[in-house]
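In this document, chain identifiers A, B and C correspond to the written order of the chains, with residue numbering beginning at 1 in each.
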Amino acid sequence: MTDRTITDPKPADTTTSDLKTSDSTKFLSHLELDQPDKTFLDSNELVINMGPQHPATHGVLRVILKLDGEKVLGTECVIGYLHRGVEKIAENRTYTMFNPYVDRMDYVAAVSNGLGYCEAVEKLLNIEAPPRAKYIRVILTELNRMASHQLWLGTHALDIGAMTPLFYTFRDREEILKIFEKYCGARLTTHAFRIGGCQYETYEGFERDVIKFLDFVPPKIDEYEELLTTNRIWLERTKNVGVISRADAIALGVTGPVLRASGVKWDLRKAQPYAAYSDFDFEIPIGANGDTYDRYTVRMEEMRQSLRIIRQAVERIPEGPIMAKVPKVMKPPVGEIYHSIEAPKGELGYFIVSDGSTQPYRIRVRPPSFVNLQALDVMVRGALVADVIAVIGTLDIVLGEVDR
Amino acid sequence: MPEEIKSSTPPGGESKPAAGHAPAAPAKPAGATAVPWESAMVAKLKGQYGSGIRESSTYLGQNYIVVEPSIVAELLQILRDREQFDYCVDITAVHYPDREKQFDLVWILYSFPRNERIRVKTLIADGESVRSAVSVWATANWLEREVFDMFGIRFDGHPDLKRILLPDGWKGHPLRKDYGIIQQDQEWVKANLGIESGQ
Amino acid sequence: MLNYITSYLSSNTTPGQAGNVFWATVYILVVFGGISVAVMAMNWLERKALAHFQIRLGPMRVGPHGLLQPIADAIKLMTKEDIIPAEADKFVFWIAPLIILCASFAVYIVVPFGPTHAITDLNIGILFMLGVSSLSVLGVVMAGWASNSHYPLIGALRSSAQMVSYEVAMGMAVVSAVLMTSLHGLGPYGVGVGTSGTGTLSMIGIVQAQQEQHVWFLFKFFPLGFIAFGIFAIAMVAETNRAPFDLPEAESELTAGFHTEYSGLRWSLFMLGEYAAMIAVSSIAVTLWLGGWYRPFPNTLTGDTWDLVFSLFPALTFLTLAAIAFVGVRRMPKHPYFRVQTIGLAGFGAVLGLIGLILFAPPVRDRIQDIFWFVAKVAGFMYLYIWYRATFPRYRFDQLMKVGWKVLLPIGIGVLILTAILGVVL
């Protein structure tokens, strides 16, 4: 019997509580701190802790900054405060029972999570959702993308200091959440889709509500842009801040608007279409510099393109069943599948290993925010402290997804 | 096994989840067998590594190759440099405790120029370590740390292999099959949280 | 004794100049009380206006439409536990807010609400104001130091660096306005000999120079006066650490500002000092560029009818406010729980209306003119402060310093030189 206990590389006496300068050598060994015995006033370098509780870290994220005055020399992210063991839970639930857990990862864009999971399991079962279900899925997913980007805009602007866009975006996001509530009963963690299609038929007046929303929102997006896009202070805070080059972005595996802002015109909805996206006509916005301002413009344009997709979908939604023939007891054959979708944050992937039983053998969620957050270190080297907060905001991370 | 008629009500009728692996697999739907995958790239790799490439198949339209652990490091480098798989999508592992080589280590790669995805799989034993892919794709840093954290698989050459999601002093690797679903490292909980148990 | 008191009433100067201690004390108490009330009103206005900018309502419960909210906040802050950090330097910790408060309030000695409505009129008035208001930097640094924690220290150092740099730009703008007082011509491009401008630093003198030159310095040598005013307007926002220059005290930034460790009453002293400083620098701006206590168009729209029309403004303002209060009363929910609030709002409206009616009476009307116009202009600035806070994102610290040194200062020097040249030439 081999000894299963594997010891960690560093002795387990570094607690994750208050960071004292003398402990920082163990924490930040890769940042090469010299003279560990000096107090912070003696050396030029300061180690500052942006603790798990912080108004601007979008959840429980801890960032340890090594500063030279105002300039950031290095960062280390400590995550895992929201780790709930979703992947372990998946091994103990059936495929259908696991569906609601999936919403709770990226709780801001729960519909996308559900879409990815349902499609992955459908692929494993080798079934396809009927066309009407696919259209409903597209409409709800794009509405969710819109809501996620609106939340991102409000919180990002708030971090940079503009207080008002937050309230405007939340007011408009309410309309989307009302549609979700009328459709499936929940606003945020919707559990909207089922394996094989949708459970709920669209409610009476769904198309009317969606079209009303489509007419209501474009002037609102213009309103947000009016406050921010040409504002001199906004430009100074976001241009050339948090630049990530195209090569770095690909090497670091960032996806989503972060990658597109660095100049890579790649979107899974176009590259490997899923769920009726191939029926629709839309653009993929890209940016030139890979700075925060480009990520901002890319997401604003994505909002408008989402509206375009929704309009096309709502006009052409086909009739028919909304649920495919799915066995009551789902036992996918032995095998593995990897399926990914373009979530608002990036490429959200599900790697499902099935052993032929009703419970998945292993589900691995490839979280876009986790991989994007890794790029934080590269993006803030040499920037100032205030930029760290802007960059965390622009990466659009959701800790539920980072930690799962 | 209970066969309830599927209606339009939500399928909540799944009863007590079966523990472990159910013996009888249902009839496979069409296209759901692993068929061998041949392509120019696979032929080149097989020519280069011969028996190092144990299997190259396609399952449900997704290509994957199973390789020996010894050639993995070089293979990943070649896949990035020559075959243009410039984006490492994911690195993960699966634990099969009943097998001699207990862990399946999986790299999921994607190529932007070719718009193709490939899975590279290798089987390693408990305690065996693999060369880290950090030098090939920078994104492997955190992905490998998570594999280490959850499974205990070490990666040689990783700059900073320590736990990422769990606290540093945690004992045990949760995604292994012998780690219980509600098991916690009681010593760590007692020492750090000051409570008897997390449950 | 009685003679002493009544003799002042017939004089035509400020109590300070007349040397009348009694009336000087009365004026000081009135001004102090007035500023305190103004600070509370400003607190309420900020919360309500900010809320309405953000499509929400703001305080609505404490008193009708939150009118009693500042009082509730004051009571809360006064009854809070006084927490002093263990390693803090206790004396410095105690005195820092007092220094800021004294510096902010001391400048009101020379603020002119009218030709004789000031506590005193130093002949170096503007210099005094700039100098004393700079003392608050000392208080900021002391607050950060005494907190014995590196976040407040960093915030305090940043804050003081910001205040000092923007004072330079402010100084340039002020000097060009003072330069304009020594000019002779009438109108925006004063040509020819019109007045006997001798140049003065006294606040009352500056306003009277604007009257003599028949132009607000805002429009003098257009656009120079306008640019100087613009520089001052931006610098004064930075000087008081308000948005968009509020990095040192913003919550979402890393360093939480010099007043982090202060709680309860001590913290409220900081806020009091900040609002008082805002009103003080706004009064400088009003005095220097906006014609102080003079009504709009004092020289173009002359004559008794126009005087009468403008003299009705105070009363009309209060009556409008009373009307708004009564509209609010009508829109209150008709529920027994709201009865007290409805009655309160109606009473408030009635008081405003009563004041408005009193202001119609001719003797009151003439005396209240100066004070009303001065306060109205300062109130406009206060609203602008709130508007800036709602609209603009925050400047990063290095960009903030860049704006102060690399943008405002050169423009200020340029304006000063051009003003001098034009003054000599024209």
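By our rule, a contact is a pair of C-beta atoms (placed from the backbone, for glycine too) under 8 Å apart; a residue touches a chain by one contact, two chains touch by 3 or more.
This one's a predicted model, so the numbers in the text were calculated from it and none came from an experiment.
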Set A-C beside A-B; more C-beta pairs touch across A-B
Outermost chain relative to subunit B, judged by CA means, is C
One chain's C-alpha mean falls closest to the whole-protein C-alpha mean, and that chain is A
Taking each chain's mean CA coordinate, subunit B and subunit C are separated, in whole Å, by 66
Separation of the C-alpha centres, subunit A versus subunit C, in whole Å, is 46
Per the C-alpha centroid definition, the whole-Å distance linking subunit A and subunit B comes out as 22
Residue positions on subunit A within touch of subunit B in the complex are 2, 4-6, 8-10, 12-17, 29-30, 79-80, 83, 85, 87-89, 91-94, 96-97, 123-127, 194, 199, 248, 250-254, 264, 266, 271-272, 323, 325-329, 331, 333-338, 340, 347, 349, 351, 353, 355-359, 361-362, 364, 366, 370-371, 373-374, 403-404
Note: in the complex, subunit C contacts subunit A through residues 50, 53-56, 150, 243-244, 246-247, 250-255, 389-399
Listed in rising order, subunit A residues that touch subunit C in their complex are 40, 46, 48, 50, 55-56, 65, 70, 157-164, 166-168, 171, 227-228, 231, 233-234, 236-237, 384-389
Listed in rising order, subunit B residues that touch subunit A in their complex are 1-6, 8, 10-14, 17-18, 20-22, 24-26, 28-32, 34, 59-60, 62, 64, 86-90, 92, 94-95, 106, 108, 112, 115, 117, 119, 126-127, 137-139, 141-143, 146, 150, 152, 154, 159-176, 178-179, 181, 188, 192
